[in-house]
């Protein structure tokens, strides 16, 4: 088993080393994620600490000393004098947090429902898969918006901004479980017909535990691929919702919120407030996407 | 075919009932409808009267049926925020969305087909490879960034096209159109490209892969072996077979265009139902949200039905009205 | 020998791969006269279909004709440009594929597929083309042809569809028909009908036929001469009676012994030991030597004589000596 695992791992590493796209996007993701995780250490300013802000620094151009204070900001500042580079790092933190949590939620939900649907069959399976079908009829982003709207309705008004991040995670997660459920259900149905499950039944033992132990290793590959691609989609979905004003609030801006804010300065010439968050979002989404594509080719599960 | 149609109509009906249940539940359980309607100044008598008037004292299934009855008649209640009937607000804004979505769909289908066929035929050429690489980037680009980019280039830098609104519209009584004025048409350009681009990329990639699949088929070899002109082989024989699978996905994409219009309408402040929906979410205006959900579902279901029926037109194998000869 | 419709001389088809250049067809030469049916037999991968595809110019890239000549009615066709070869296809060479279920376009009525082919190659009006289409269907034995002209392929059975395919191959009156395993995909009950139809139509019109098959029964029944292929090379070529009764190449002898038809009286079929090697791993010398019961030292190093159009009958050192 260890020998097998090693062989698989070395094969995996071999194709990784021989794919420049995979290497570049992996390091891109690595840099961006560490930037986000260590934002408090890396960022030159804390954009959410009013004490460190100086309104005189507002609208500083990138790399040029501010006309009033002489301070230099790499990527410039916004209208309130917040350092764009720092807001991007903190914004990416929120974007990635929402993305990871949403995918994790979708994965747990989808895998569980997939196992239940595949194992129990009959009515339960039909109901779960019908819901999945109806949900798939609509674009995920629309489903997420709707869930966001409903969840917001349930949140007490004074808590809405505070809860927005969690509502966002719930909405994106709920809009994205179907793929996971489908793959796991398929694998479970295949496994259910195998002899050891039948044998366990005949021995009067519970087959569920054994099955989960056998099924989960089988679906790790496909689930990992779906999760990676879902992460890219979730990041874009989060950015889209926040951009539309139905996501992360201005008090906790994600990349999408920053772009929404930046769009307001497009006509007045302060392009950097919009440009740098947009490029960061693109780099993040593209590199995660390419990494997912490469994973799919390597693990080669028969995905659509 | 008749049996198939009936079954599909029935399925569509079930989907609509389920969506209706979701919409109704939103209406009923998200917040308190009475509170939302009466605001701060209310008396116990008012509440009771409204409760009876809205039928909220009835059992749940009865309430659901009454909701459906209203929905069928286009009655979705009154917007919490604007205080006007939801049907009226949506009626005003629907033409804007349909015009935008229609133009985008035409653009997406036309260019998707042309580029898909082109990249399939010239599959090793540099132009085809460039288009395919660009399309990969296009798929990863969020729609709203495309919109902002277009605004930056054509409205801010070049200053040739408007960045928001519909321009001048002409009121035809029941439909306000932007097609008849120069400013209306100009205003349509950037939003429709933004909305259509993503769908175009998807259609293009699908057409390409289906076309390559069809070109491997025996009947294409046979058509070549019969000495038909390459043009005839590609367009008469290959393209038509390519369209069969393409139609389904394209149909779904058309539905998606109406949904994605929400994003484009927000970027360009396009006064359609998508922008209305976003504002409704921001202000938790449940009746508008519920009505939008129902509207979108009806459109989706209708598109799906039409797509299924289109199959019969294009694929003779599905038409069961002929007798198979034995021989 | 009557004037040849088709002359193939030293045809070599190559497929460049990453490791080596494969030769699925290696120095193959043969002729087919007007009204003559040449059977081409061999195991799968022996190069039969590849030879047929090379003649009609339909090799799939990266396969290509590396050397040799193909002459059709005195015109060289192997080096034609793409638009020129197109006017030869259908017009001068008709082709019948293996599977009638997949060789007709499912979305076009058969009448349209016929008329488009006729209009492409013959100077006739649309009306005439339609009349000819009906006539062509009648000729191949489709009942009520005029009524069925607007039917779609899926409305016909397999046998009927192959008749339609034959009508399509013959509708522009080509002088050569290449039939690539035309009966393999059909029910046994209709195979004989289709072969008989093909034979009858070609005899009537004086069309030359290249009939690719691996069915020795079809060979015995339908063809005038037979070419036996092994690993891309022509092993034996001769009149069908001669080859069937007195096979000259050890491979042909093995083939005959393993066919119910030729092993008269024997209750048990012989088989040739081993399998044909893949093209990438052909042995040195004669490609058949590892399986040959009569192998000698010479065969291990020297590939043996090549059959040219009029040379000996079998490409084997010892067969040649024996027969000649």
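So that you can tell them apart, the chains are marked A, B and C in the order they are listed, and the count of residues begins at 1 in each.
Quick note on the criterion: a residue touches a chain if its C-beta (ideal position, glycine included) is under 8 Å from a C-beta of that chain, and two chains touch if they have at least 3 such contacts.
These numbers were taken from a predicted model, which means no experiment stands behind them.
K.L.:
Taking each chain's centre as the mean of its Cα atoms, which chain lies farthest from chain A?
P.N.:
C
K.L.:
Mind having a look at which chain is the central one, using mean CA positions?
P.N.:
Chain closest to the assembly's C-alpha mean: B.
K.L.:
Can you check how far apart chain A and chain B are, centre to centre, with Cα atoms defining each centre and the answer in Å?
P.N.:
Comparing mean C-alpha positions, chain B is 25 Å from chain A.
K.L.:
Taking each chain's centre as the mean of its CA atoms, how far is chain B from chain C in angstrom?
P.N.:
53
K.L.:
Which whole number of Å gives the spacing of the CA centres of chain A and chain C?
P.N.:
Centres of chain A and chain C (C-alpha means) sit 59 Å apart.
K.L.:
In the complex formed with chain A, which residues of chain B make contact?
P.N.:
Contacts found on chain B: 15, 18-19, 26, 30-31, 137, 140-145, 148, 151-152, 156, 163, 252, 255-256, 259-260, 262-263, 266-267, 277-278, 280-282, 284, 286, 289, 293, 296-297, 300, 304.
K.L.:
Across the complex, what residues on chain B touch chain C?
P.N.:
The touching residues are 217-219, 221-230, 232, 236-237, 240-241, 244, 314-317, 322-327.
K.L.:
Over in the complex, which chain C residues touch chain B? Could you list them?
P.N.:
Those residues of chain C that touch chain B are 56, 58, 82, 86-91, 94-95, 97, 99, 102-109, 116-117, 120-121, 142-143, 148, 151-152, 154-157, 159-160, 163, 165, 168-169, 172.
K.L.:
Quick one: in the complex, what on chain A touches chain B?
P.N.:
Going by the criterion above, the answer is residues 134, 137-139, 141-142, 145-146, 148-150, 152-154, 232, 236, 239-240, 243-246, 259, 263, 266-267, 271, 274, 278, 281-282, 285-286, 289.
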